[in-house]
Amino acid sequence: MMEPATILLALIAVLLVTAVAAVAIARLPAATAIVYGACAAVSAVLLAVAVAALIGGRTGQLVLPLGLPWLGAHFRLDSLSAFFLTVVNLGGAAASLYGLGYGRHESAPHRVLPFFAAFLAGMNLVVVAADAFSFLLSWEFMSLASWAMVLTHHRDPDNARAALVYLVMAGFGTMALLLAFGLMAGPGGGYAFEAMRSAAHAPSTTVLVFALMLLGAGSKAGLVPLHVWLPLAHPAAPSHVSALMSGVMTKVAVYGFLRVVFDLMGDPAWWAGIVLLALGGATAVLGILHALMERDLKRLLAYSTIENIGVIFVSLGLALAFSANAMAWAAALALTAALFHVLNHALFKSLLFFGAGAVLTATATRDMERLGGLIHRMPVTSLAFLGGSAAISALPPFNGFVSEWLAFQAILQSPQLPQWGLKILVPAVGGLLALAAALAAAAFVRAFGVTFLGRPRSPASGDAREVDRFSLAAMLALAVLCLLVGILPGFVIDALAPVTRALVGGAMPAQAHVPWLSVVPVAESRSSYNGLLVFLFIAASAWLAAILVHRFASHELRRGPAWDCGFPDPSPATQYTAGSFAQPIRRVFGSVVFQARETVAMPPPGDTAPARLVVEMHDPIWERLYAPIAAAVDFAALRLNRLQFLTIRRYLVLVFLSLVFLLAVLALWS
Amino acid sequence: MNGSLTFDIAHMLAGGLVLVSFMLLYQDRLYALLNVYALHALVLSLSVAWQAHIQGAPHLYVTAAIALVFKAIVIPMALHRIVRRLGIHRDIEAVVGVGRTMLAGMGLVALSMVVMLRATPEADPLARADLAFALSVVLLGLLVMVTRRNAVSQVVGFMALENGLVLAATGARGMPLVVEISVAFSILIAFIVIGIFLFRIRERFDTVDIGALDQFRGERR
Amino acid sequence: MELIHDLIVQGAQMMAVLALAPLLTGFVRKVKARLTRRRGPPLLQPYRDLARLLRKEAVLAENASWLFRVSPYLVFAATWVAAALVPTFAVGLMFSWTADLIAIIALLGSARFFLALAGMDVGTSFGGIGASREVMIASLAEPAMLLTVFALALVAGSTQLSTVAAVLATPEVGLRVSLGMALIALVMVAIAENARIPVDNPATHLELTMVHEAMVLEYSGRHLAMIEFGASLKLLLYLSLIVCIFVPWGIAAPGAGLGALAIGAVIWLAKLAVGGALLALFETSIAKMRVFRVPDFLGAALMLGLLGTLLLFVSRSL
Amino acid sequence: MIALPFAPQTAVLVVPVVAAAVLAALPGYRLTARINVLASLLTLLAALSLFVTERPPAGSYLFIDDLNIVFIVLNTFVGFTASVFSASYIGHELHTGRLTAANLRFYHAMYQIMLFGMNLALVANNIGLMWVAVELATLTTVVMVGIYRTHEALEAAWKYFILGSVGIALALFGTILVYMAAQPEVVGEGYDAMVWTLLVERAATFDPALLNLAFVFLLLGYGTKVGLAPLHAWLPDAHAEGPTPISAVLSGLLLNVALYVVLRFKILLAASPEAIAPGPLMVTMGLASLIFAAFMLYRRRDIKRLFAYSSIEHMGIIVFAFGMGGPLANFAGLLHMVMHSLTKSAIFYAVGHIAQVKGTQAIADIRGLTETHPVLGWGFLVGAVAIAGLPPLGIFMSEFLLVSSTFSTEPLLAVALVFGLLVALGAIFLRTTAIAFGEPTGSTAPVEASYVPMFAHLALVLVAGLYLPPPLVGWFQHVAGLLG
């Protein structure tokens, strides 16, 4: 039996070789099938190895003579990395499968194929890397590979801008991580994770590392206010890549955060939990409000990713707070909620991006205002997308609900925390979480309703065709997984137990032996949930009702024109649009958050032009934070640029002044 | 000859060089500036010759000769011709007024004294004084370069700076390669002068053509 | 034997809510009519309506999809399952641990999700207006509800309704400001969720003010029947929920005998009647709000819920 | 150890001189280009043989130690690849009439003299000789920069010449001061007081104040050659207006040679316990150069000037690293220097190809390069990724070591460093993505010159980013120890 770490690295190496080979064969017609096939196969095997390692509790280490010369490249497989490997490769396998079909429509496959395999390899490497250098190298490699794919359709100037913002933010994040690792490694350069874990870190170090991790991992994950690149970059890539970026890469960021904050850095103070809770709550609400205002389907999904990251970070904050107060069982509950949501989000966000990709393939547009009625033309896609929408809206019996429910259960343990700040903040954040969940449901009613239901808003939408088998298979597989995880959450929770035990020293009670496969986080008298029974009950009662009604009452059906209160209008333009659907919420929340203002531009009397409703919205974070920074850089560049146009005499003045200055320093120095 | 007199003469000559440097700063007419520069070179050559004498280093006489022939005679004459041929303005356009330039020059001399006296408390007093004066001359030469807009006067500043270097090099006992260096620098200066003539640099140092005086430099599309 | 007994009791409750839901709707309508000095429809009118609708053929808009046809059954089923999980006359029923209060709220959320989608399926302006307003209302009502749940759960130390009811029935709990706030918030949410006045008017077809009715405008026949039935169930659910939490006395304990169960059932009916009458009284004494006043109304509920939670820490340390 | 029939340190000097003489005499650019490549190759081989031959004792003029071997090998290697690149590049220039055959003859001879000058500076054991050699290299590059005889080229050369001359003068004054500090009591008069190996042995007894003063002048004088802000002004224009092989050599080699000289004097200063620590001075100038250049990158419109500023930025980083000192930072500095030489010359090769096929150096006129010339475009992009310090390429490793080691000792400096790096990263990608992507413009004619030098460099940089061979690491660590 080979070491699991060796197997993993060998498989990752195969991915890298695939990437290199893809460069060579990218222009062949068969390249798409070969590369995605290889990626799918390798990811599937990796997935199997990861799951086996997670369940079997296998760990392993490997040091290769690469990377930092006197250290070597350390790789380690433990429960945390095994779990994230599972998530990464689940997403990777699904995306590769989807790519088998979707990739055929790609106009420039040579701009995707090599980077796709490299991206998968990069994400896998991050999760198994066990020294700072390998970690950051893989981390940035992953960013670069995805950056290249953001530029697949590089002729669109928006994509170029997205890529630039992405790369700068990625660089910023990497630098923050680099500083954090530098701090933990100390002047002696103990870059191996083992050395960091065993080193005693001063409290001030811990605080700084925590803050830097928030910047570094937070920017990659899309934590407000570092999220701005995400809704630009994720949608710009081909859809299966968007799925990976949103569904998986943000999780790799969460992994980085967990690895450092929960594993390497030592115990943080309880108030670190407050920071995470507040940021997470703000991220969740702001993200989903953005999603509600968005008319680009893929960008909507990207904003929704931000929301989910907020949810995950709220749970992480709770875990941190509990853990700092030595409440291992509660910390385990919160951490389980976070990790469960990591898995869930990877599943349904990939699924939804696949769906968006299918819509894009079929209609060549991502603008929801030009879609509609696709449920008739693309029944399977719409079914899968519906499942994903229900799951992401945290509706039982799908998986999204389970993790939200666990998060709420963790929140309900907060009164036992000794700190007043936490006691008061946690329920408020719970309210934000509930608000975010409800808004998410609204957002996905809107997304699904406008895209798939109603009547086609453009000819392209009316002539759409169902997509290929591979894409459908990938979507359906994920939809089934969403449901399965939702109705059998106990197994997932048990699989997460070793992870929480390693990170917070406790685990949720074993769920496999609870009768009827219920989930009981603390005690049955306190709370329990049984997805399986809820599913069976709903299925049975709906089926029963339908059978009874059809059998004993009427089953006749007649098609007729829509009633619409007696004013049916044949023009699809009279339907509710994405913009109008969001209008009530824009009025309620948008006026505060986005300074949304609606004005009606009336033509002067006598003019026959139509009146127009003008909606004005502002992105507060971009305008208050990023725009000033960009302006400052621009200003500094402009001012300094004068130095390019000086006369030789003035350059000599610079030399002269430097000389005089240094001499004066010498004269004053004793 | 006793030690104190040799020292005094060397000291006087080096101090004289600083004084002439101040005279360079003071000039506002080109021809006068060139004449003062010739004096500068003359004082240098005397100083170098004296050093050759007291150090017993005959090769330094070569340096002194170069200073005398090349710097005190050939170059000033060549520059005279250039000024005439190119029809350069006879006024020196200064960035800062003469008074303030002189003040700055005093400051520089004071700075070099402070730096240098702090430097060599136990060293040879002759070398120390020579170095302090040399540093002053170097700094004053630079000051001429940066406060004068006229290309020819900037060249004069550079040459004054170089004279300071030669003073320092000859003041350093037994310094090898001094002659080679002074030759090399003379060639360098010749290149600059030829460059000014070839590129027809009339007023400013940085425009290499008559027609291009005000052209947008550097970043062009 | 035990198992069969439990199964029977559980089944009885599921059937009871099913059977009683239209009656409650009819009762509220009747009381309202009487309060406005009308005779009103007979108590059993809702049953007749349902039966009539079920018998009729369903008319579908031309471009209605399968989702439009499936949604009524899903909505009905989700509401029914939720209603069956709320303790009515007895606590600790066989499947009561299937879902706690949070899950029940989420089940109702599922029902609403599909109903809103169905509203958008045909592609009419009214369906859209209804769906969009419904989700706006829900986006505020759900957090308010959850904060109320927090307040209750913190008092009871549980989100399991049976436990909550049992704890709140004990005298140690006493009267608390927080619970009062939670009650008010819950009632406000219940009004909004059931599309009652002042948030919505179930009886109106005045197009521009309607929310719920606009969503289901295209439904007819058996589909409409399922939706109406679901709405009745929801009303019953909320009333049962409120009385089970805030007036928990008289509910049969787990494993109680037939006698206790019977008493529990009678007391439950009485509570429902009182609750229904109060609802009718409230509805007749207040005017409907403009749609964009609703956020203020629900915002107040949200604040009450949060305040109730926070005050708990002040009033008694937990 | 192998005994060779010639002394390699002499060979690296003799070969270029002989070649220069031959090249100056021969007509015909094809032949001269080949001889140029051959001579550069021979020099490289001679340099490589330094590793395997017995090291001679330090002479009073030449010597070889662990520090300069690194520089010599790097120098001759890039000199060789640049000559290969130049051979194919220059043909095109002749074709388009920017250069004449007579120009080329001169060009090749000058190329070898320039290599000679740089090699001499590196193997010189005498600080006077070092000075002469650096000046020789500078003056030859001045001539090369002006070789196109366009208005802009002459202007750039003139600016380079004037600023360089002042630098020369300051460096000489510094050299005299070192001599003064060394003589006469300590080392003795004459040549001995200029022999670096002797100086460094006895530096502890030198007059510290004179050494301080000397270092100020040397730092400013040679710092002008390194291109440190605010002494950098000649550098962007010289890079932009000269022939591209010369830009590559300037960035890849000449800056390093000047830096090498600064390092020599830093070691000297460090050996004197009472002198000021040279570190803070270097850190300040390095940081100033980094941040200044990073901002200057934003408004560049000329592709070669863009990367010239990037050279200033990287020289700032390297000087910063050596200024920080300590085993990690010095290692990072050495590695960064090697990686920067390789990467930047590769980028200039790419830029040369780009400018030739597109007929312009204006960034705004070059779009969609990965579309029109995929190999060139992606190669260029890889270079940009490398120069921006992104993995898996070599500069990432040095930046990793530098930033993390700095942060654990001087957090604020590390933050400033990171700030500069980020600003530069944004600017580099703002420009390079505009070049590599977007709606394609310009000619789609194939590149005629050879890609081999460019990809050879990039491959080395890639390998170094992932795997450094242990002997090299040991060597670097040893040298890092020497640097203190």
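Side notes on the structure shown:
Each chain carries a letter (A, B, C and D) given by its place in the written order, and its residues are counted from 1.
Assume a contact is a pair of C-beta atoms (placed from the backbone, for glycine too) under 8 Å apart; a residue touches a chain by one contact, two chains touch by 3 or more.
Note that the structure is predicted; figures quoted are calculated from it, not measured.
Between subunit C and subunit D, the least number of touch steps comes to 2.
A straight line joining the Cα centres of subunit A and subunit D is 44 Å long.
Centre-to-centre separation of subunit A and subunit C, using mean CA positions: 35 Å. Rounded to whole angstrom units, the spacing between the C-alpha centres of subunit A and subunit B is 69.
Chain geometry summary: the mean Cα position of subunit B and that of subunit D are 32 Å apart.
Residue positions 644, 648, 652, 655, 659, 663, 666 of subunit A each touch two or more of the other chains. Shared interface positions of subunit B, i.e. residues touching 2 or more other chains, are given as 115, 118, 142, 145, 205-206, 217-219.
Per the contact rule defined earlier, chains pair up in contact as A-B, A-C, A-D, B-D.
Across the complex, subunit B meets subunit D through its residues 115-116, 118-120, 122-124, 127, 131, 134-135, 138, 142, 145, 158, 161-162, 164-165, 168-169, 172-177, 180-181, 184-185, 188, 191-192, 195, 199, 205-209, 212, 217-221. Every residue of subunit A that touches subunit C in the complex is listed here, in rising order: 372-373, 375-376, 379, 386, 390, 393-396, 401, 404-405, 408-409, 411-412, 415-416, 420, 423-424, 427-428, 430-432, 434-435, 437-439, 441-442, 444-446, 448-450, 453-455, 516, 518, 520, 524-530, 533-534, 537-539, 541-543, 545-546, 549, 553-565, 568-569, 572, 574-576, 580-585, 587-588. Within the complex formed with subunit B, the subunit D residues making contact are 128, 132, 135, 151-152, 154-155, 158-159, 161-162, 165-166, 168-169, 172-173, 176-177, 179-180, 183-184, 189-191, 193-194, 207, 209-210, 212-213, 236-237, 299-302, 305, 362, 364-365.
Subunit A makes touch with subunit B in their complex at residues 644-645, 647-649, 652-653, 655-656, 659-660, 663-664, 666-667.
Note for the complex: subunit A touches subunit D at residues 65-70, 110-111, 132-133, 136-137, 140-141, 144, 151, 154-155, 157, 160, 163-164, 167-168, 171-172, 175, 178-179, 181-183, 185-187, 189, 191, 633-634, 636-638, 640-641, 643-644, 646, 648, 651-652, 654-655, 657-659, 662-663, 666, 669.
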